[in-house]
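Letters are used for the chains, namely A, B and C, taken in the order the chains are written, and counting of residues starts over at 1 for each.
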Amino acid sequence: MSLIEITDVRKSYGTNEVLKGINLNVEPGEVVAVIGKSGSGKSTLLRCVNGLETISKGSISVAGAQLMNDEVHLKALRLKVGMIFQQFNLFPHLTVGGNVMLSQMVVKKTPKPNAEAMARKMLERVGLSEKFDAYPDQLSGGQQQRVAIARALAMQPIALLCDEITSALDPELVAEVLAVVRELAAEGMTLVMVTHEMKFARDVCSRVVFMHEGRVHEIGPPGEVFANPKTPELKQFLGMH
Amino acid sequence: MIEFTIWDILRNLLLATRWTIVLSLVSFVGGGMIGLVLLFLRLSRRKWARALAKYYIELFQGTPLLMQLFIAFFGLGLFGIDVPAWLAAGLALILWTAAFLGEIWRGCVEAIAKGQWEASASLGMGRLQQMRHVILPQAMRIAVPPTVGFSVQVIKGTALTSIIGFVELSKAGTVVTNATFQPFTVYGLVALIYFALCWPLSKSSQILERKLNVAHRNH
Amino acid sequence: MNYHFEFGWLFEYYPQIVKGIAITIELIAVGAVAGILLGIVCAWVRALGPAWLKPVVAAYVELIRNTPFLIQLFFIFFGLPSLGVQLSELQAANLAMVVNLGAYSSEIIRAGIQATPRGQFEAGASLAMSPFETFRHVVLVPSLQRIWPALSSQVVIVMLGSAVVSQIAAEDLTFAANFIQSRTFRAFEAYIVSTVVYLMLAILLRQVLVMVGWAIFPRGAAQ
């Protein structure tokens, strides 16, 4: 059984169908890059997996937890998959430590000392242990995104969804965030990432999904997808004519 | 004991409502005129004028309207005038309304981008010409929703004049209650009449504001 | 004008004034705390709450915002006893202020909630928090911080409006002024003195609210 099973997922906004029957299975430990033009549905797909968008048809399950539209099922699903956003979405009124501890205490009812220990450990992992008492607006974008990663990791998910996590960063800050992701991948974390970093996808990912007009247009190991694109759409996307 | 029907009660209240409406209109118009003077003082280049307007506004916004009514009522009496309640009520409400409208309008003028002042100055306009031809026409558009919204506060403010003996809707409510011993019904009806006066204004203020926001977004 | 100002009565009547000030402060303290709490609950209902409750809260808010506080007070004090709810002058005054501020503050707080970036709700959800947990722990504090100045102004307005509770014989500052003027026939002076006290209370209250803001919002930018 795959870790993430996406079966015939369709999603419409009114009459506009943005996902037209997606099938995708992700195995434990896999690192999957989702690429494609804006409007191809790649972000929507990721958001569906975390229940931030409701799907119109099909099914999604993560490690046996089905995506359903009630609070109990959503919670069970979201405890298994964490999500990192393009805009970081740190909580401005809490310190870095508070950001990483909050959900552990609220959702998992972890006692404060344990939550704090976990937060320190995760911040250490992303290289920000000295920023525990800082507030988000005192950090650079790259640091904020690393805190967001630590915050998701502290919930001990079995998979992470990364939605264009370097797109809002200044170019010189991209590397520090990707380094953290690279490390997670090396440690065996299951990752599904929507990204524009082709070099990173080629180096780190086990599979690349090319989405086009709401469908999985091409899929395969990075070597194959990047070196031998089969469809004209992917060729055009990769800038090969 | 005389029996009062709901209709008797309502008729008496509605007759008194005329005075609530008249007093509201007088306060709003009079307050608007003085408010405009305050606005110009507030935007003046003379320091004393700005300070005068500022302290006027702070005084009237920082003290209870009820106290202002009392002071108008008893203060005018010091001049040996036998002050009718309507005069004290009108005077106090006009001065109070002016403070709030002056402040609301100042906010609207300040919301006009600095570039508009600079552009009109660069065209050689004087201060008054800038105001007249460039700033006020734009500020007036954004001033409409909060001004309409404040008219609701004026109508509600007139209720306090009942305390110094002006017979309007609230006073009529008390009088009718004392005659009928039906406070629940009477004050309930009084509240509904105020609601009928105020709610359309509140609603139009909201709608106007929404329209303005949409218009601004489309620029 | 041949009026001779006379403030000598202050020495005799200052205990009444002090008592009046204490009651005015008590009224606004209870009114502000309970009113803002009520406002938070109502704002939550209107922004994020169950659909069936929304029209109920909307009706309450519109009704209060479009009727004079004086009439709300009279309705509570004189009208409610016919439903079997008998309140003392102070209880009625307290209730009226809470109900009044609750309605106004709910609109202000709702605006703060609606200005919350969508990503904050999504981040809460992605961390497996329920919508209510997200509201309580993620959305609420920055929302309050965003609208704290407007909310503070409203609290001051309600404090100044509380002068009318003297009309149901709640013994606040205005009641003291009325009492003194009826004894001394020094109406103008009595009202001038209490007006000055109100002005000082308003300035003080504004400062207190700024400091309360510092305490609740340690720092962190409101987005």
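Here are some notes:
Please note the rule applied: a contact is a pair of C-beta atoms (placed from the backbone, for glycine too) under 8 Å apart; a residue touches a chain by one contact, two chains touch by 3 or more.
Not measured: the values here are computed from a predicted model.
Taking each chain's centre as the mean of its CA atoms, A is the chain most distant from chain C. When every chain is represented by the mean of its C-alpha atoms, the one lying closest to the mean of all protein C-alpha atoms is C. In this assembly, the C-alpha centroid of chain A lies 46 Å from the C-alpha centroid of chain C. Centres computed as Cα averages put chain A at a distance of 55 Å from chain B. Note: centroid distance chain B to chain C, computed from Cα atoms, is 21 Å.
Of all residues in chain C, none touches two or more other chains. Of all residues in chain C, only 117, 119-120, 122-131, 133, 137-138, 141-142, 145, 217-223 touch chain A in the complex they form. The residues of chain C lying in touch with chain B in their complex are 1-3, 62-63, 65-72, 74-75, 78-83, 156, 160-164, 167, 174, 177, 181, 187-188, 191-192, 194-195, 198-199, 202-203.
Residue ranges of chain B in contact with chain C, taken from their complex: 59, 62-68, 70-71, 74-75, 77-80, 152, 156-157, 159-160, 162-163, 170, 173-174, 177, 182-184, 187-188, 190-191, 194-195, 198-199, 202. On chain A, the positions that touch chain C within their shared complex are 50-52, 71, 74-75, 78-79, 82-83, 85, 87, 89-94, 102-103, 106-107, 135-137, 148, 151-152, 155.
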